[in-house]
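So that you can tell them apart, the chains are marked A, B, C and D in the order they are listed, and the count of residues begins at 1 in each.
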């Protein structure tokens, strides 16, 4: 029906399971309430990605209810889930997959502290080593853009292309994160809220001490190359 | 005994189950402690609504322990649960159902951040897109009114009638939310605490950047008409 | 061995079970970490109370591990648990039971926000209706007193005797609450942290609006006499 | 293969189980997100310690996946887990075990409020009795040091040697804690976040009242010698 090869069929099934399961991490880490956040994952070897249906409770997500989209963000007709609407943020995810072939996963949440910085249109300064490790410097602010066309996707790509950070705080909106896999993008979503919260709370108590740029550079370089196990999916 | 038709009997049973279950969402999202919050739901096709008994633990709520009330807020004699006192906020819920026929559910909590704005008698400014989506602008403050007569109900109705927001922060008291169904009102209770927390934390860190009014209007319009699945119970 | 009547034996067993179980509420509401909080309950009809053993994890509490003490705070020899040390706060609980015969339960925690007010030696002002309901006005500060003699117990009694509030914030230390039963004292511990958190967060965002004294009086009177079910153990 | 005596084999197995299990306490108390924290425990009677593998989820930790290291921080070849990389903080743990023979456990986290004080390079003042009990005074700041050599370990030891506190906040990085056992170090990690949070929140609301030094001394002395059960592993 879809004309997919067996390899693509198998890859789609694997990404469906992965993306469905990863939404539970958004819940576990308190990044989402009700239905306000979404994960997508690119299907390796195909111009496809898998994303959450719109407005569906995290309790009700199954691999079959995930929606397979082409890179224009349209559900592939005849596939399970395609009778429902995909996430209202699908156009932004699709734009990122079209423009950044190295990206394998995209996550969007309205996590509290990250949205706080976004509401002030203020980047998160790099004052803790965990942030240097994970984001290599400040987490940037993206432009104010509203849903309905490509402007959110464009804002994400323009901000993150060539940037060390794989998280952007879209102004007055919230964080979008990217990764080499969907899991890596979820990790970035977890870590951006963690640093947003830590730095917010730290600064409310008094002046922050900056980290020297050369220390930030060393930490970022080391973390990207040494941390974790050899089999990890980090860049 | 109650003289209800089979249709009304069936509708009452359905609303009892729904309202009992929805209280668990207040607990899940941390909106209530001990017994301090309540959900009610209108019975479609009858001048009745179903509400929580007063001062009973959320662990002990069952469909049968819910109380069926008429629109004056009196328990219907001879129905299960009618031997107990309904929520001490029943008069306020009843007033809303009498005056706003479009309302199918009402929720009241003392959720932390929403009460914080209420303790300052300060509306929540609309500085994040999720708030424009959900409430179409600021969340308003209602009058100071104390329990014991219709003044809380009147304050809710006077504030929310004709307003985009389906949440009101009653001064020095806390949030009341309305919805087309009980679930929709619970969603509003979850979202009002989420935006109350986010905007509070954002502002403690520095000046907020407002969202232009025309962007708020577009976001609200889109969310009311496009978001979610066609079968959803949103307005 | 203890020479207790069957009635006292039965009452001791009931209070052991109740006190063991109620510690789980301290955990559920996030009032304690590690082993830093304790509940006790008076044995009706006897000069005895039941309290937690010192430094034992909440996971490991059973009715049998609770310790039965006389009103001087000494474990009753030969009873289950008496081979262990009772809570290091036992002397303070005992003092309250000796001096306030109307008290049936005592709770002590180091809950975050309540300790925050205590570290500033500042009473919590009554600016939300839930606080007027529950505490009838501000939650008072008790004297600075350190563990080792009767000074903590004396500070609790001198502050709470004749006061509407059944919670006191001991200076630089934390909240102690009393109730007509152990459950009622646990409720007060839950509610004092809830109002401590809400009022702290509210005030960090700007000036608070006070509630008029006559409204506080009406709310307190109503809540003590009308709220909940007729069978409840509230004063 | 390892040439260990039966006693050492048994001790290694016990510490593996203990260290694996104790990581769950970091999760329970909200001290860690993703994989960002680690516990180690010294093997009694041997120049060995057991530590978490690098970048592995807390859900996936088992006794067998823990890594046994010598006091230079190298995995012992041929032991279960030795094919993986140990925690990227292993060199710091090893340094502490080499230099402080009285230490039986080390914990590192990025817990939010403790990192907040670290980002300001500010010690936590001793204004609550729980802190006097547990740490005997302020929790100190250690030097800024980045991963890759002995400088973190050296900073920990230079700060904590001869100090009452068994927690140090490494500047712009986060807390390291030590204990007579791994469990004792975990307790210190839990308590340092608890006091970091409480004192931060207290101070955001207004000026703190100090505790007199002689009261701090008495509290610390009493807690080290009287609190808990005789069988406890506290110093």
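The working rule: a contact is a pair of C-beta atoms (placed from the backbone, for glycine too) under 8 Å apart; a residue touches a chain by one contact, two chains touch by 3 or more.
Chains and their UniProt names: A, B, C, D = L-ribulose-5-phosphate 4-epimerase.
Worth saying up front: this structure is predicted, and the values here are computed from it rather than measured.
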Contact-graph distance - origin chain A, target chain C: 2
Equivalent interface positions on chain A and chain B, same or different at half: different
Relative to chain C, chain with the most remote C-alpha centre: A
For chain A placed onto chain D, the superposition rotation in degrees, Cα atoms, nearest 5: 90
Geometric centre distance via CA averages, chain D-chain C, whole Å: 32
Chain B and chain D, separation of their C-alpha mean positions in angstrom: 46
Residues within chain B bordering two or more other chains: 203-204
Chain pairs that touch, as defined at the top of this document: A-B, A-D, B-C, C-D
Contact set on chain D toward chain C in their complex: 29, 127-130, 187, 190-191, 194, 197-199, 201-209, 211, 215, 218-219, 222, 226-230, 232
Footprint of chain A on chain D - complex, ascending: 33-36, 53-56, 84-85, 88, 110, 112-113, 115-122, 144, 146-148, 171-174, 200, 203-204
